[in-house]
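Shared chain: chain A. Partners: chain B in the first complex, chain C in the second.
So, the complex of A and B:
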């Protein structure tokens, strides 16, 4: 297929398309249309070098939660192109080490680039064969430096990453955004999830008595509930998602799954243009 | 321009310049000029062009910090909430770091910048220790921090810094900074999102402004109580302050850390 987003549809200018249904708004006449043009896209081909000013193919929320003995993460399998549900089988949870999983929301091409960076780094460490590997906190620090350096060059990687893992008996759950802001917490939700899922996760943590009191079964149930809420209200989400579990035993990333939904009530909704 | 072999068939090889508004009809010469980029046309009359967005590399992660110098002690305190807009990222992200047995740094503003700056200070202090065989004094760290901030004068670290510690004579010292490195030694200072709420209170209670007759040397206990009251009150009114309060007490015996709950709403 044609992998150039600019050739997929009808490019619209932002002054025409005020609802931003088309994500790349300002490239008329300057968008590279072929591999040849991309190869010489810098000053060589008569165009200024351009930086990512907005994401193109995007993934929505990533969730993370600590539980007794491990960390659980969730992300759906959709990569959207604006409002178009473009790719429906994308894996946004990636195992980067024996006890580490990377989850990505935001621009999917930037995610693939970062995935490649980290995988290359892991291979380099493995080849050194010095008995050391990068553990979750090390990978987190590396990822933070990459994100911060790119934002400092005014050319950010348009993502919010969630990194989950276990190291020396300690659970690790941290996030980094496109401005290089790092933070760690018992529950993390990116994008729309920070509004819809994070309150649920924090409430569960509070009522169940903290991350040490949540069993694995409860954690799975909570995650599924959050993914269901997101599917009901986040228009860029999909009812097909994966769960990643990281414990002392290692990493398991599930096959894509879905939750039961009930839309009978929808008929009775009035307003909101319905 | 020659036709590219990989070009999509439906797209013309040389896109015409996008000028959506017709130029004034009466003109003696062509008002279109060529830019330094071949093929790109520049017009000196208003044209309709897409809106350009510029990436803003900064984010204000909120938070409040405070430091008070005593006769033979120093108190450095900060809340631990990290915010982004109306969202709380995390409830425990420490803003203060112990640099040595005599010095504590606290920073607020853009957390990514603050953490980067903190790591730079720590790195330099380690190099200093290896080069000179001793730990940097509070005054030396203070001047170094000013230089580090000014080195990035034209792409500043968005960070409000307060350095607290003991000077060479063992007296409490507070150094305060603006994001580009202006600094001064003071007896007390509050910075960050609730600084405008707390600083006037400190002027009154620590520096005895407008109540000269009450002037006295405050004890460590009194200073800690004023600190706690400052933060509990600021938490009521400032949405970026809350969750936990971390208090660093620096005395000749070293640094002691206290943690206190603040409201989490």
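So, the complex of A and C:
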């Protein structure tokens, strides 16, 4: 018996796909002509099966910085639809474990999917109830595997993730991009932030004498400064963001906040407003 | 012709409420040469008696490395044990690959339990014919010793033995059960050798060829002791110069409460 509905012969009435098989890809070349006529149909008609070519609803930069005794992360609350500021109350920092926070830039639906995957893993771990939990480096490895696996299927999850946490007295800060490239550093910034915020973060690290010399207050100040610069220059950003702090005490994700900005100069710039 | 009406397949109960095929599988474990395991607060030691089929034959391997933090000792059908150890190694690699974390011993043991249980409930299958002693050291929860049997029972122990004449080893192990917690590795091994010696047939003795020792513990990857190091332990056993702990315990052994014989119900 041939189990592929597309090979069963003439549809009942309409000369289009009345078996509701669209857009199932055909496995054998003998697809009814009427079905082949549907644009983008499966492997036929010169159309390949297509995977995500670009993100749709996107979040912009995520920042991360190590400081004395912990890690701080920042991301704004905007999810853009192209250049439209479509969703203005999206939380892009997510606590995944007692000492781990996941931050996401890129496609927001892919982020929701990954969030779901990781939460499922954490529930599985909790249910085992055997004294073992997934710590930040374990979650990072898992995230890496997921991302690399999807890129290997030529169907990447269109995100750059930042994972911050504390484990056994060690701070952890790492990023993974859509190609499954893992990267760990004392400061991390994704997206536009890698151009605009990362130089500031690195400069602060250098002038203050490294991640062990930055106090929590200084770290907050640095983050706010970076978010301000991003708001000024990144057209996909918003002046409403959250900070996540991970220390030995645990995780705190702040309420949305904003920074003071000054737009007086705009008057003098042609095309900027006035 | 039929001695027993209810032992032809795995999934038929006897009126007494027993599954005879599963009990036969447990007998297969008892046919294998003995394996002994015992645990301190920091280490786990596995010991096994190796058999050979004749003067010209090699001895059958009894200890298997699963991962750096885990090893097993077996009794019963070796071919079944190889299937299980292969499974265990694969699971450990998966854990490292997916989570960058050594497989927690307790989880692996439950997985084996699940595998073994399926074989006791489906018509047309047979239970594994092997018993395992699993020694593992987890950073989070310390050293663990488990016993896994064909009836899918997986239990954790301070000290156990499986295989032929394992009851004699258990009797020894129970006698000194109070000592193992704070004991160092050498003394633990000596206790193990004494227990293993109890399982020997008459006129046989432990030697370099028929004895295996495996250790895993805090700061100690799975390590099989053989050659000169094994020789040192065997000599110590022969001269009767047991470690101080063993000696001290031996004198007071009579005062210790005798534990219940551990059966596999």
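Following the convention adopted for this analysis, the second predicted complex is superposed on the first by the 219 of 274 C-alpha atoms of A that agree within 3 Å, B and C clash if a C-alpha of one lies under 4 Å from a C-alpha of the other, contacts with A are read in each partner's own complex, and residues count from 1 in each chain.
By our rule, a contact is a pair of C-beta atoms (placed from the backbone, for glycine too) under 8 Å apart; a residue touches a chain by one contact, two chains touch by 3 or more.
Note that the structure is a prediction, hence the values are computed from the model and not measured.
S.K.: Figure out whether A:194 sits in contact with chain B (first) or chain C (second), or with both, or with neither.
M.R.: first
S.K.: Return first, second, both or neither, reflecting whether A:249 touches chain B, chain C, both chains, or no partner chain.
M.R.: After superposing on A, A:249 lies clear of both chain B and chain C.
S.K.: Check whether A:137 is in contact with chain B, with chain C, with both or with neither, and answer first, second, both or neither.
M.R.: A:137 contacts chain C only, not chain B.
S.K.: For A:91, using the defined touch cut-off, is the partner it touches chain B, chain C, both, or neither? Pick first, second, both or neither.
M.R.: In the superposition, A:91 contacts neither chain B nor chain C.
S.K.: Considering only touches as defined above, state whether A:185 meets chain B (first), chain C (second), both or neither.
M.R.: After superposing on A, A:185 lies in contact with chain B but is clear of chain C.
S.K.: If you tally the residues of chain A touched by each partner, is the higher count for chain B or for chain C?
M.R.: Touching more residues of chain A than the other partner does is B.
S.K.: Pick one for A:212: touches chain B only (first), chain C only (second), both, or neither.
M.R.: Touch status of A:212: no partner.
S.K.: Indicate the residue numbers of chain A shared between its chain B interface and its chain C interface, in ascending order.
M.R.: none
S.K.: Quick one: in the complex, what on chain C touches chain A?
M.R.: Within the complex, chain C touches chain A at residues 97-101, 104, 106-107, 138, 140-141.
S.K.: How about chain A: which of its residues touch chain B in the complex?
M.R.: Listed in rising order, the residues of chain A that touch chain B are 2, 4, 7, 13-15, 25-26, 28-30, 33-37, 46-48, 51, 53-54, 144, 148, 151-152, 154-156, 175, 177, 179-185, 194-195, 198.
S.K.: For chain B, which residues are in contact with chain A within the complex?
M.R.: Answer in residue numbers: 4-8, 11, 15-18, 37-40, 48-55, 57-59, 61, 82, 84, 87, 89-93, 110-112, 115-116, 155.
S.K.: Show me the residue ranges of chain A that touch chain C in the complex, using the header's touch definition.
M.R.: The contact residues of chain A facing chain C are 128, 130-132, 134, 137-138, 140-142, 145.
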